[in-house]
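Each of the next two complexes has chain A plus one more chain, namely chain B in the first and chain C in the second.
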Partner chain A sequence: MSVTDRWADNPFFVLELSVAASRAEVERAGQKWLDMLAVGIGRAAIYMTPLGARARTPELVRSATAALRDPERRVVHELWYLDHAPTPPDDDDVVDVDDGDIGFDAMTPLGWARP
Partner chain B sequence: MLTTMTGRPLYVGIDLGTTNSAVAVFDGGVTHIVRNSEGANLTPSVVRVDAKGRVTVGTAARRFLERDPDNTRSEFKRLMGTDRALPFRASGMAMTPPELAAKVLAALRADVHDQLGVLPDTAVISVPALFELPQSAATAEAAALAGFTRVELLPEPIASALAAGWTAEQGDGRWLVYDLGGGTFDVSLLETDDGFLRVVGHDGDNFLGGRDFDWAVVDWAIAAIEREHGVRIRRDAPEHAAAVARLKHAAEEAKVALSRAGEVVLALPAPLETGDSDPFDPELVLTRETFESLVLPLVDRSLAVCERLLREHATAAAGLARIVFVGGPTVTPVLRERVAAVLGAPVADGLDPMTLVAQGAAIHAATAALDARPAGPLVRRGARLWLQFPAVCTDLSPHVVGRVVDGNSGPMPTTIRLQRDDGGYRSDAVRLDDDHAFVVAVELAPRQANAFTIVAEDGAGVTVTVDPPGLTIVQGMTIGDPPLSRSIGVALVSDHVQLYFERGTPLPARRSFTHATIESVARGSADSVLKIPIVQGEHDRAHLCRLVGTLEIPGHAISRSLPAGSEIELTLELDRGGRMSARALVPALDQVFEHVAHLLVPAADTEVLAASLATLRQRVDDLRADAFRHGMPHILIALEHAERDLADVGRDLGAAQGGNDDAGQRARRTLIEIDAALDEVEQSKQWPELEQRIVRTLTWVGGQIAHLGTERERSLFEDVARAVDRARTERNVRELQRQLRLANQLGETAWYRDPDTWPTLFDEATSRVDSASDLPRAQTLVREGRAARDREDMGELRKITEKLWRLLPHDPSARRASYDSGVR
Partner chain C sequence: MTAQLVLMIAGLALVWACGAANREDTRPGFFGLAQWLLLVVLASAATSSLLHGDPIGAPVLAATVILAFPWFVARRWLIPRGHWRASWWLVRSSMWTWHDDNRGGALVAAAWAAIHAGAPPRALRFVEARCERSDCGAAHLLATGLVAAARGDLEGARRWMTSLCEFEGPATPRMARRLAVQWIAAEATTRGAWSRVAALADDRDADAATILLATVARRLGGTGPRPSDAELERAWSRAPSRQRLRALVDRALHHSEPVDAADPPHATPLEADPHRCALLAHAALVASPSPTARGLADACAAWDRVLGDAGFVDTARRRAAVLGARVDPPEALSAGIQADLVTLVRATGLELGEGARGDGETLVRVRRALHQRLLDELEIVADALASRVRARRILAMHEEWREYLAVRGAFARAVAMTGPELQRLGYAIVNPPVCALAVWLWNDRRNRVHAHQMFRWLLREAELAEDTEAIALHRRNVECG
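Moving on, here comes the complex of A and B:
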C-alpha cells in the first residue's frame, strides 16, 4: 500500500469519525455505512479526505471497523490521522509514490536485498 | 415440540462435530437445543450403510461401529477437504467426507422439521478455528448436499464465546474459551469492553482432541495385554483393526465412567481376536490415577498452546476474568482442575460444554439475518421498502437504513418514523431523500427483542401503508463480521508469500495485487502451465505454509503465447463463510482465468511421509550434536519437543501404513509444523548472526528515520526498538523477526523520500542485466531508465526499475520449495 493510500484509507476518514469516537460509535458508523451502501444510497459511496474524494466500499468499511476495534491498531491510525500529513506532491526532493504500484515493500520478494 | 417458536424468526445453528453433532435454534430471545428422534441433545456423527444400501445416521449407526466397522463410518470430519472416498463394503458404495457429513446435516435438518414443523433452508455451521480453506469448502459442499440453500461458517470458539456472552451477565475483561473437541483443540482469547465482544486472538492444535485421550487408554491397554497375556496387538496392523476398535470403544466408556468412579473395568463389547491367538476377554482395570497419568501430558500440551496465546497478547493468565470450557472432553475432572490450577483463573459455571457451540451458531445466524423460515406467499400491501438493519446488535442506538423500491403499489411516503412497540421510544420523522432513501437512528431496550412499527406519511401528513410494516432488532452481545482464521497469500517464486488477507481480516473480503510471470507460456503447449499457488499459514516463507489451491494458466487455454515478465492482476475473494474464489486477469491476453485447481488437502502418501520423517530425524540429530558441541542448552529443550512430535508422527505413519488416512493427514501436518519449528531452532542457533542483524537493521533504519523520517515515525521506531529488545531478551526468534520486519518497513518508508533510492536500485539491476530472462527487453529498459534518470523523472525510473527486477533470474531451489510458483 502506498503512503498516499495509507493516509487516505485511514479508518477515521472512511467512517467519518473523530479520533475521540467511542467503541459504540465505531460500530454504529460501520453498520450505518454498510447498510447505506447495501441499499445504494449515493452519498455513502464517497468519503472526503484532504487528498480529495475517495470511493467507499463495503470492504473498506469492514476493514476500517475491524481496525478500530483493535486498540493496538487503532492507536496507529490515530497517530497517522493526527500527525502524518501527506508528502507535498510538488516537492522536488520527494519521489512520487502515488498510484498504488507494487511498491518498495514488495521489492524484497522480487529479489532485492538492501545493500 | 417447541411450539413457542411459531410466528417468530427461526435461526438455526449447527455444531458439526468430529464425534457428535448438535443443532440449536434461536428465536431472537433465547436458544433451544433441538432434540433428535431419540430425545437426545447430541447426535453421533456416524453413518452406516447396510448391504441393501440403506443409510442410518446417529445413535442407530453408532451401535454398529464396533460390530460392523466395514460398513460404519465415524470421525470423517478429520478427512474433510481430502478427496478420499470411504467404502461401505456390504453395499459396494463409497462416500466422500462431504457426502458423509451431508447425511449428518440432513438428519439434523429433519430433527428441526420434526420438532418445529419448519424444514430450514439456511443455517450457520461451526467449523474449527484452524480449519483450512479446503476443509471449509468441503463443509459448505456438505451443507448444500444436505439441502441447505444458504449457509455461513463460523469458527467454533467464536460460536461458543457468543453463546457464553449471550447467556451470562458478564463484566468487562479478557477471558479464555478452552475448546477441546473430539479431534481438535482451539483456544481463544476474548475481550468484553462496554458490552462489545472482540476476539483478541486464537491458537490451537488441529490434531489434539478427546480422541487422543481414548488412544492413550488404548495404548495402555495394549501394553497391559502384552504384559499379562503375551499377545501383541498392533494399531497399525489391518488384521488387528477389529480388536483395536473394541478396545477404543471400551476406552471411551471408561473415560466417561472415571469422571464419577475411582476405577473401572474396561468393558469390551466382544472378545478380542487377533488372528494369532484364540479369542480372549482380558480383564483390564483402569484406575483414575492411571487415567490421569495418561491424559495429563495431553492436557499439558493444550496448556502450552494457551500459554503461547497469552504470551503473544501480553496477557497474564492470572488476570483472566474466566475460562469457558467447551467440548465433551472438558467434563473430565482432571482436565478442569489442571487447567484452572495452571492458569489460575476462575471457571465459568452454568454453561453446557456440549451444546454451547450450536447455541452460539444459532445466535450468529440472527446476526447474519439467516432466518430459516421459508418465505410465505408474496402478498404486497403498500409501498415496498428495502430495509437494512442489524438483526442483533450490541449498540443501544443503531441505525435503520431503508429505501422505497416500489411506490407503484400505493401512495409514496415522504417521511418515515419508527416507534418501539413497548412505547419506550419514538424517532423523529425523517424526510426521504432524492433516492427515496432514509436513515433513522433508534433506541433499543437492553437484552431483549425490540419490535418497531414503521410509520410512513405522505406530504399531507396522511399515513401511508408500507411493506414490511415493522422490524425487530435484538439487543445483546454479538460480534461483527466473522474473522479469517488463518492468513492467506500467494507463494512467489522467491519462496516468499505475498500476503493477501491477514489472520483476523473481517469477512467477506477482497484484495488484488499485480504479479509478473517469470517464464513464458507457449500457446497450445500441453506441458506449459503457469502456476499461481495460494497458501495459508502464518509464515513468511511459502514452503512453511499449506498449499490450499493453485490457479493455473495453461498453454492450451491462452489466445496467444505469453512472454516472461507479463503482468497478472490477481484478485482473491473470500465470502462470509470463508470460501475462496480467485480471478487472474492477464492484460496482455485480455483473458481471465478463474479455475482454482486442487482445492484439496494434499494426499498423505506414506512413502513421502516416511522419507520426510527420516530427513527430519536426521536434522534433529545434527542439531543436537551441534548444540552439545557449542553448549547451547536452550536448543536442546526445543529439540526435545521436536523429538516428541516426531515420535507421534512415527506412530501415525504406522497407522497410515495400516490404512488409517486420518493418521496420515495428521502426520503430514505435524511434519510441516516440525519443519517450521526446526527452522526456528536453526535460526536461534545462529543467534550471534541474529544479533548482528539486529544491530545492522536498527542502525540502518535509525539512520533513515533520523534523516528522512517524520516525528511520528521516529516515535514508532522507538516502540519497535523496545519490542526488538524484549524479543531479544526472551530469545523469541519469530517475534524478533516480526519486529525487524516492522523496523524495515519504517526505514523503507523513510527511504522512499531519498532522491538517490531509485537510481541506486536501478544501477544494481543494471549490473545484472546480462542474466535477464528477456535480454533485448532488459536492454531497452536500461536505456529507458538511463534517460529517465538523466531527466530526473524518479517516478518513471521507479517503474522501469521494478520491470527490470522482474526479468532477473530466480533461484530454482526456492521455486521448487514454493510449490513451483510461476510469479513474482
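Moving on, here comes the complex of A and C:
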C-alpha cells in the first residue's frame, strides 16, 4: 500500500466518514456520493485529504465502499485516518532558497545560449 | 602566377593537415612545430607577394592568420554566427589551444555553434555521430553535454559537464575543462544555485567569468566570506562580456547583508493524542516539497511514541478484534510507516547519514530498510555493467562513460543517503565491474584517458573504504599513466 492509497484514496476521506461509521452508514454514504456524482453536483466531485484536494469519481466511491466492507482493509485505513487534517501549502507559497530562478539568464551573456 | 597560387593553397592544406594530425600530449610537439614552420613560410611568401603588388598575397595572408589562430577565430566569429561545420573544420587543426584533444575540441566548437544556430537536427546528429567514435578524448563529454543542452535536457547536460570537471591528471584537456566549469557556473547562476557556483571559485580552471559569477554567488547566496563592493567591481572589470553581466553585478551590489535569523523552531504539532500527532507529522513530511532529515527524525520519534504506547496498541488490537480482522494493527502501521519513509527518502534524495546512538526504533528500521534497498539497486546497476563487459559488448565511448557514471552516481547517492556505513559494502559491489571496464578500455580498446579516470576514482573510493587490496591494485593502475 502506497502513501497514495493510505491517504489520497483513504475510503474514509473519499466517503467523508469518521472511523466510527457503521456498516450501514458506509453503504448509505457510498450510495449518496454515487447519486450526487450521477446528478453532477459540483461539490461531490472533490474531497479533501492530508495531501490536498482530490477528484472523486464513481469508481473511487465504489472501491472505497468495498474497502470498508473488508475488515482487514478497514482496520488499516482506520489507523491512517486523520480528521481535520491541515491542507498542504500551495506551491506558490513555497520559497525555493536554492535552485530558484533568479530572473537573470547568465547563459546568454557568456554565449552558452542563443541570444 | 597559377603555380604560385597552387603552391600556396597546397601549403595551406598542409598547415591544416599538420594541425589535424597532431596527437601530442604536450605542445608544440612534432606536428605543431611543422605547422608553425609552414605558417611562417606562408606568411612571409604572402607578405612578399603583397609588397610586390601581387593580389594573391592578401587572401593567402588572411588564410594564414586564420589557420594560425583557429580557436580564436572560431570562438569570436564562427560560433556566435552558428557556422557549426566551419567551426568544426577550423578547430580540427588547432594545435595550440586544443593540442591535447583537437578532435574533441572541434566537436565542442560544432556543438556550441549549433546552439547558436538554433540546434538544427543535422548539426546535432553530426556531433553525436562523431562523439560515438572511441578515439575521442575527454573533450567530447563537453560536446555531448552541449548537445544535451541544445535538446533541452539540462539535467543530462549538467551530468556530462560535471563528469568532465571531475577529470584529474595530465590527460584532462584544459580548454574543455575550463569551458565546462564556466558552463556549470552560468547554468547554476541562472537557477540561483549559489552554493554550487561559489564552490567553483577555487577550481583550477576557473576563468574570469567563472570567478565573477562565484563572487556574485558569495554575495547573493551568503556562501563563504561576503565579498566587498570593490571585490565585486574588480571581478567584473576582468570578466569577458562584462557589460551584459552588469545587471547581475548591480543586483549583488544592492543586496543587503541578511540578518542572522535564528534557526526557526521546527513545527511540532501540539496534540494530546500521540497517534494524531504522529499522523500530522507524517502528513507534513510526505506533503512537503523539500522534506528535511530533521523532519523525518521528528516524524519517526512521533511514531515511536505511538507504537510504544501500550494504551494505543491495546485499543487498536481490540478494534481489530471487534471488526473481525486478523491483521495485527501495530505491525501493519509499522510496515506502512517504513514503506512511506523509505520511498520518500529514495524519491527526494534526502541524506539520512550515519545512525546515532539515540536513534529511535522507527528511524533505525527505516535506515536499515533503505540500506538494503540501496545495496540491491546498486547490485542491479553493477551486474548489468559486469555482464556487458564479460560479454565484450562494445558501446560508443560516451555511452561507456554514461554507464560508468550511472554506477558511480548510484554508489555516491547510496553513501550520501545512509552514511559511510555503506561505503565498504557498496565498494565491494562497484569495484569489480568498474575495474573490469577500465581494464578492458585500457588493454583492448586503447582508450587510456577514460580508463585512467576510472582507476583514479576507484583508488579514491578504495582509500575511503579502507580496502587495502584494492588500494594497492589501483595505485599500480593509476601509476600506469
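Remarks
Just so it is clear, the second predicted complex is superposed on the first by the 76 of 115 C-alpha atoms of A that agree within 3 Å, B and C clash if a C-alpha of one lies under 4 Å from a C-alpha of the other, contacts with A are read in each partner's own complex, and residues count from 1 in each chain.
The criterion applied here is as follows: a residue touches a chain if its C-beta (ideal position, glycine included) is under 8 Å from a C-beta of that chain, and two chains touch if they have at least 3 such contacts.
What you see is a predicted model; the values in this text were computed from it and never measured.
When both complexes are overlaid on chain A, the residue A:Leu79 reaches chain B and chain C alike.
More residues of chain A are touched by B (comparison of chain B with chain C).
Using the contact criterion defined above for the overlaid structures, shared-chain residue A:Ala53 touches neither chain B nor chain C, since it reaches no partner.
Shared interface residues of chain A, touching chain B in one complex and chain C in the other, are 3, 76, 79-80, 94, 96, 101-102, 104-112, 114. Considering their complex, residues 3, 22-24, 27-28, 30-32, 34-36, 38-42, 58-59, 62-63, 65-66, 69-70, 76, 79-80, 83-84, 87, 93-97, 101-102, 104-112, 114-115 of chain A touch chain B.
Contacts from chain B toward chain A in the complex involve residues 193-194, 196, 198, 386, 388-390, 393-403, 433, 435, 437, 439, 480-481, 483, 492, 494, 496, 498, 504-506, 508-511, 513-514, 700, 710-712, 715-716, 744-745, 748-749, 751-755, 757-758, 760-761, 764, 794-795, 798-799, 802, 805-806, 808, 810, 824. Across the complex, chain A is touched by residues 79-80, 112, 115-116, 118, 149, 182-183, 185-187, 189-195, 209, 213, 220-221, 240-241, 244-245, 247-248, 251, 276, 279-280, 283-284, 286-290, 316, 319-320, 323-327, 329, 332-333, 336, 339-340, 343-344 of chain C. The part of chain A that touches chain C in the complex is made up of residues 1-3, 6-7, 50-52, 71-72, 74-76, 78-80, 82, 85-86, 88, 91, 94, 96, 98-102, 104-114.
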